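Take a look at this one; I'll ask things after.
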Amino acid sequence: MTTELDVGLPSIRQIQSLIKDGTEVELKLSTGDLLAGRVRWQDPICLCIVDQYDQDTIVWRQAIVYLKPRL
Amino acid sequence: MTTELDVGLPSIRQIQSLIKDGTEVELKLSTGDLLAGRVRWQDPICLCIVDQYDQDTIVWRQAIVYLKPRL
Amino acid sequence: MTTELDVGLPSIRQIQSLIKDGTEVELKLSTGDLLAGRVRWQDPICLCIVDQYDQDTIVWRQAIVYLKPRL
Amino acid sequence: MTTELDVGLPSIRQIQSLIKDGTEVELKLSTGDLLAGRVRWQDPICLCIVDQYDQDTIVWRQAIVYLKPRL
Amino acid sequence: MTTELDVGLPSIRQIQSLIKDGTEVELKLSTGDLLAGRVRWQDPICLCIVDQYDQDTIVWRQAIVYLKPRL
Amino acid sequence: MTTELDVGLPSIRQIQSLIKDGTEVELKLSTGDLLAGRVRWQDPICLCIVDQYDQDTIVWRQAIVYLKPRL
């Protein structure tokens, strides 16, 4: 199982910034679902999204279509 | 075939906690199905979910979109 | 092409038990199809399901969403 | 890119038999499409299906859900 | 990232022939879309299809379900 | 996690050209969504698309079906 995030990659670094800044994001998933919230952490398999009720959702990377920061 | 879970990863560790604590979870799958139950075990290929009737469902990781602990 | 099943994994072992015991299973596939039957064999790429008319269906693992033993 | 088929695997061997015997098969694909015909060849990436009009269709393995020999 | 096409494989060779001969093809994609045109080039990640208006479409291999030469 | 783009591949090189030239593109995604904009950067995991309002969308490669330059 893949073990390390390559923090030199733009995509990984941008998600790190979104985590640090607590930026609201929209995540589109392969099922068509759209999740909104802040990114709490990322690892090589998943991203954790926390919504406005402080509820965690562990999203599998394999199911992510796009991520859009809410500006 | 991948053989080891990296227990250092947040996603793997959180699932281990859910197993130990017997927390109810919701699993969204690539077909749009939503399973509810407790996680019985995880391995690098699958997660086993047990429902309220003590029925096992072996879910392939490749089909998982997100997992949400029920608080 | 992956060549060996890791028989130490719970998911592989449980499927081996289902084969040995001739347990009826339900397989949910990525297309939403639901197959019912017994598992005849597994390899790293496929599972073979045999239905009540003794007809084989070779199912690709990549398309499996979940497997549920019928108790 | 994966280069060799492991002819020791049941799934690969069974497809080899279907090719040799010219057995009619049904292929279910990830889009829900159902192709019917005989398997002309397989390689690690694709299967080639030839229909009743002798027209070839090169099917990517990644899109195969199941294969059913027509008995 | 995978870097080489294995030109010994039937599927890769057949696509090379389609490119050389400028054969019209139909490509079925995972979304259900059907593209028609000629194959301009292939690499390990993509195929380039050029339509009747000489417009290029870069198709990801991961999204290809089948390819059918138009005879 | 894959770390390097193979800039010798036609698909990677063409995307580099689209970035340099600021060409408008259309991206079809696995959900059926169609994104329009310019490509800002690519890495082995994602492409970043910027729309007419200068809003970034980080698109996972795994979800890309095709990319079409708008001529």
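By written order: A, B, C, D, E and F. Residues from 1 in each chain.
One rule holds for everything that comes next: contacts are C-beta pairs under 8 Å (C-beta built on N, C-alpha and C of every residue); 3 or more make two chains touch, one makes a residue touch a chain.
Keep in mind that this is a model prediction, so the values were computed, not measured.
Colleague: Any idea if chain A and chain F meet via the same residues, over half in common, or different ones?
Modeller: Different, since most residue numbers here occur in only one copy.
Colleague: Which chain's mean C-alpha position is the greatest distance from chain C's?
Modeller: The most remote chain is F.
Colleague: Once the Cα atoms of chain A and chain B are superposed, what angle does the rotation have, between 0 and 180 degrees and to the nearest 5?
Modeller: 60
Colleague: Report the inter-centroid distance (CA atoms only) between chain C and chain D in whole Å.
Modeller: 19
Colleague: Centre to centre, by mean C-alpha position, how many angstrom separate chain D and chain F?
Modeller: 33
Colleague: For chain B versus chain E, what separation do you get between their C-alpha means, in angstrom?
Modeller: One centre to the other, that is 38 Å.
Colleague: Among all residues of chain F, which ones touch two or more of the remaining chains?
Modeller: Answer for chain F, listing residues that touch two or more other chains: 2, 30, 44, 62.
Colleague: With chains as vertices and touches as edges, which is it: line, ring, star, complete or other?
Modeller: ring
Colleague: Going by the defined touches, start at chain C, step to chain D, and keep going round the ring. Which chains appear, in sequence?
Modeller: C, D, E, F, A, B
Colleague: Spell out the residues on chain A that touch chain F in their complex, using ranges where they run on.
Modeller: Residues 2, 4-6, 8-12, 14, 28, 30, 32, 44, 61-62, 64-69, 71.
Colleague: Inside the complex, what are the residues of chain F that reach chain A?
Modeller: Listed in rising order, the residues are 1-3, 29-31, 33, 35, 41, 43-46, 48, 55-60, 62-63.
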